[in-house]
Amino acid sequence: MMIVMKEGATEDQIAHVVERVEEIGCTAHISKGEILTLIGAIGAPDKVAELGLEGAPGVDHLTPISKPYKLASRQVKEDRDSVLEIGGRKVGGTNFALMAGPCTVENRDQMLASADAVAEAGATMLRGGAYKPRTSPYSFQGLGREGLRLLAESKERTGLPIVTELLDVKDLDDVLEVADVIQIGARNMQNYSLLAEVGKSGRPTLLKRGLSATVEELLMASEYILKEGNENVMLCERGIRTYETAYRFTLDLLAVPALKELTHLPVIVDPSHAPGRRDWVEAMSLAAVAAGADGIIIEVHNEPEKAICDAAQQVPTSEFQALTSKIEAVADIVGKTVSRA
Amino acid sequence: MMIVMKEGATEDQIAHVVERVEEIGCTAHISKGEILTLIGAIGAPDKVAELGLEGAPGVDHLTPISKPYKLASRQVKEDRDSVLEIGGRKVGGTNFALMAGPCTVENRDQMLASADAVAEAGATMLRGGAYKPRTSPYSFQGLGREGLRLLAESKERTGLPIVTELLDVKDLDDVLEVADVIQIGARNMQNYSLLAEVGKSGRPTLLKRGLSATVEELLMASEYILKEGNENVMLCERGIRTYETAYRFTLDLLAVPALKELTHLPVIVDPSHAPGRRDWVEAMSLAAVAAGADGIIIEVHNEPEKAICDAAQQVPTSEFQALTSKIEAVADIVGKTVSRA
Amino acid sequence: MMIVMKEGATEDQIAHVVERVEEIGCTAHISKGEILTLIGAIGAPDKVAELGLEGAPGVDHLTPISKPYKLASRQVKEDRDSVLEIGGRKVGGTNFALMAGPCTVENRDQMLASADAVAEAGATMLRGGAYKPRTSPYSFQGLGREGLRLLAESKERTGLPIVTELLDVKDLDDVLEVADVIQIGARNMQNYSLLAEVGKSGRPTLLKRGLSATVEELLMASEYILKEGNENVMLCERGIRTYETAYRFTLDLLAVPALKELTHLPVIVDPSHAPGRRDWVEAMSLAAVAAGADGIIIEVHNEPEKAICDAAQQVPTSEFQALTSKIEAVADIVGKTVSRA
Amino acid sequence: MMIVMKEGATEDQIAHVVERVEEIGCTAHISKGEILTLIGAIGAPDKVAELGLEGAPGVDHLTPISKPYKLASRQVKEDRDSVLEIGGRKVGGTNFALMAGPCTVENRDQMLASADAVAEAGATMLRGGAYKPRTSPYSFQGLGREGLRLLAESKERTGLPIVTELLDVKDLDDVLEVADVIQIGARNMQNYSLLAEVGKSGRPTLLKRGLSATVEELLMASEYILKEGNENVMLCERGIRTYETAYRFTLDLLAVPALKELTHLPVIVDPSHAPGRRDWVEAMSLAAVAAGADGIIIEVHNEPEKAICDAAQQVPTSEFQALTSKIEAVADIVGKTVSRA
């Protein structure tokens, strides 16, 4: 941590800061410039941050120097990409994960028809939500265990690994019975007790970026899972909240190269939620691949017009095969291949 | 819900929308203008939203007409403010709640000294955190049950009602033993299972606005608590995330009059977290009162420099009495009185 | 414009709104639902907006129904893309414009070397700044007329059309002597007198989106140019301001399909300014092409390390040929071809 | 400027950075920690920023240490507030400027009636717009010179100094004939040629913060005026753009204490534009005073319902006297007095 003193900070003020830094067992390294004095506090940046020196006399501001995350950082893996192995499919490195399926498991016919189409088009995994986080308590909240059962049937039928969301610790055991990948939604990115439990389970996890989370906060949230010994974490950009109202969220594709530089974990993009409209999903899917994502998780439905939830943004299964071909073509240009069993 | 058709939408496209609206039991009311056709879908706006008509042929966009929240809306109370009664103190209407105390319960000396000062200055309630949500898994996470015990002792000593945060359903029973008000933090505003459990407990709840939650989403989150039969909800503006980096968050005081118009629930402001520096807290405290808030929840500490957590933003108890006097003076101008037993 | 009345609005309040709408020559169309009354104000939405009915008794809110822009709207061209012709190159439709060159014209050697490399790689146009908008009055503000002269020499040498920024009406005549495309920067998107003058000049114009402009405001700004009879307008997404600090701006690629649906004008993307770092520019360039942009405007420099301005984000000309090949490959997948003379 | 090297940066990479820093005449100060190496570049931070070292091998990121503004900084005035003298009224220090008047000069009756009411209530200055920046080219753009003439008449009648907006350099001479304070609107905050001309005129200037400008960018914009020798600058917070749609802009009152700490210039708040509705303007006016602003600029109108522009947000002159009394009462609590001749 670097402490920048104000112009004209007195010797006493400097000495006071040094004393407080040393009290917590850090080393203070003073650097006097013509105008400003800097104090480098070496060791335990968390503790220095908690000293609250922003308010202290003579202090202008503090600047963190080192990164606050550890296990997620690229240095930990000596600058190599992590490659996860999920139900026989690789994710990361040159292996592109194409995850697809309906937003919500609605009924047997819908789920199986969608699953079949997803499998036929050659996707890597099948997604579907049994538990749905809803802004309104009056909206449909998902089929729950019945939804999980239909996912299990779809898995058996297609052989595809299953991605499904977990909302509440109390449902963890049920979800673990069917999920190859546990999805943590944007609203729960900082639900730390949920993250810790998922970490303990060891199951591969897709962690979605919160609606207004920074790239660094996303990495810090992944750290809650990683520190429990679960290394199978994928990060997911799904659109952030901005002032723009022409779409639901602003898909932040620049987060892809930024994350790839900072972390060894695979970076996935959800191209469906930000547009909120299916006719813009293809553009965002291809853009995500071109931006260097390690996978996308896309909503497809056998009859989107009849979908219970997020109907507008689900791509019809009838168009999914053609989209897959374009995705493969763009992936090829950036050196990736859609991962299959 | 109003469905706005595109210029040049065909009769078939219009008929198709009408059909889908009627399929879910709503009435479609067609209004043809010179250029555009509007279709008003009357009844069950949630269901209409879920039809996904944004993607349908000929549809330009959808506009919600009625408010999605019900129990929180001002109309429910015939345009009157709710006045809560908490440990013998009123909150709402002309009763201003001055809640103060340390960010975190750290140890017995610190907690009791801070509690005494808060009581002496004439605050309405005492706050203190036993469970702390932290961005980093490596930071101090609070004293837990030992912290709750110290809050109980402080309550017995001062007679002040206690406000403390709940992070996890598994700690609910412990928290209920001491908390007069359960605080739900910004990161948990959309942790729906937590909201439902707090709703069932019936205990007065302070619900903080999420970092990027709209005013409407805050009201929808309160609806999760209200619908369980718990009417004792206070809403809390605590700063939103914007592009500005000169402070931690942008305190959105315009949310105060906006919320007061939309809901009967009391509106509280947290003036400490957004600045993140104690020398700007007084300005924001007074501004919150002047903006018409029904209370503030402010961090004070007997020795801020030694605080474990958020040290920079805690006001010294030695200055709290003087601040309280100014708060009372401004409250008087806007027709409110600090609430006491 | 749709005026939504509050629940329980009285007959008098409704009548008052109708009266005011009719006073300005519009027709009021009343629609009473079970709970709410809607008043459609038909004709002159601008005038209705200016009535200030948001504050009127009984009014809940106003919702615009029709689009405020006219000449920019896709309907004007019967849903066809405009194809501009600039110095013998087509832009729009299936014609992809690859615009490249240094951020700033620095000196003859740099400009000519960069221009040669850009021409050799097969770009569509050459960019370079003679007038630079700078946050600090103490920074280099561009070579001015000498810069324009070097652009003219580069044009003669390579045959490439020139894109260069205009900051001030007083420099218009000088810029018109060399520019095939006048660039209006993000900070000037709402400099209405500048827009009007550029409109009158008739010269093709690249209008950059303001740092916090909505898609609709960008279209409204283009309307200031179009209404002067200048139809040769290209819109340019260049990154918007959000809370994320890991990069300079958040490149909003979802604006590409959104704009393509709303307007007939070509949509260009600047992949250089948002990252602010050259190692993320390739990812954003390819993503822009995949998202359906009609062109990109990218900063390249013969010796980026020695660049005077925005050195970090300029791609070395030595890597530009390889990037161009990838751009062409992605363009092919989405049905576009790099436009050349 | 502090250059933070990556973990594992090599000696060669460090030497290369040092060399480039020294090439531009700065001194490099190397500080090796256990994990990271820091290079302090002393002298000419602008030039160091322009080296583009963000992209250089081994560099993690750059952190500015000193402030980029000079004349606006509080240090320049040895930590004292500037007190401006405008038409016999003081602004700054303990002198609170109450500026009021209609959004737009519409006609003689409206302007004179509003001016009389503003004068009678005891305001410090009279505001009114003759040139209006409008999002739509089809909206009313102001009365222009006729508007200036009516302002001159109002000034003669009431004795109040006039605040009016300048949009275009070509109108500067006309505006200088009547304006005691030239207002630069939010959209023009970075219109650098306009700022420079206003700077040269020497006339007191009210500089509004751009819709998405940071506090630091606002100070940098003021620097363009100050460096021309014009020290009579007031800064104005008027609401920033955020994701919240319940109001037009988010009034950022935390900018008030933040600016007061950074600069000696007076800080004014516009409480009218952010709400966009008159019933929330009183709350924001009082909050601005309580937050420590040196003045507010508020829109009042003799018949708001008939206003041509921004009708919804103008406070009726009939209520302005009562509001003024409350403003004075709050000002008194924070140690300020409304400034009068």
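A, B, C and D label the chains in the order they appear, each numbered from 1.
Methods note: a residue touches a chain if its C-beta (ideal position, glycine included) is under 8 Å from a C-beta of that chain, and two chains touch if they have at least 3 such contacts.
All values derive from a computational prediction rather than experimental measurement.
Participant: What's the chain with its C-alpha centre farthest out from chain C?
Facilitator: Farthest by centroid: B.
Participant: Given that chain B and chain C are copies and touch, would you call their interface same or different according to whether over half of its residue numbers are shared?
Facilitator: Same: when the shared numbers are divided by all numbers used, the fraction is over half.
Participant: So chain A and chain B are the same sequence; what rotation in degrees superposes their CA atoms, nearest 5?
Facilitator: With C-alpha atoms aligned, the rotation comes to 180 degrees.
Participant: Starting from the mean Cα coordinates of chain A and chain B, work out the distance between those two points in Å.
Facilitator: Their C-alpha centroids are separated by 26 Å.
Participant: Can you compute the centre-to-centre distance for chain B and chain C, using the mean CA position of each chain? Integer Å is fine.
Facilitator: Result: the chain centres lie 39 Å from each other.
Participant: Can you compute the centre-to-centre distance for chain B and chain D, using the mean CA position of each chain? Integer Å is fine.
Facilitator: Roughly 31 Å, centre to centre.
Participant: Hey, what residues on chain B touch two or more of the other chains?
Facilitator: 212, 241-243, 245, 279
Participant: In the complex formed with chain C, which residues of chain B make contact?
Facilitator: Of all residues in chain B, those touching chain C are 2, 4, 7-8, 29, 31, 33-36, 38, 40, 42, 63, 65-66, 75, 212, 241-243, 245.
Participant: State the interface residues of chain D toward chain C in the complex, per the touch definition above.
Facilitator: It is residues 20, 46, 50-56, 68, 70, 133-140, 167-170, 187-188, 190-193, 211-212, 217, 220, 223-224, 227, 241, 276-279, 304-305, 307-314 of chain D that touch chain C.
Participant: Applying the document's contact rule, which stretches of chain C touch chain A when the two form their complex?
Facilitator: Result: residues 212, 214-216, 240, 242-247, 250-258, 261, 274-275, 279-280, 283-284, 286-292, 326, 329-330, 333-334 of chain C touch chain A.
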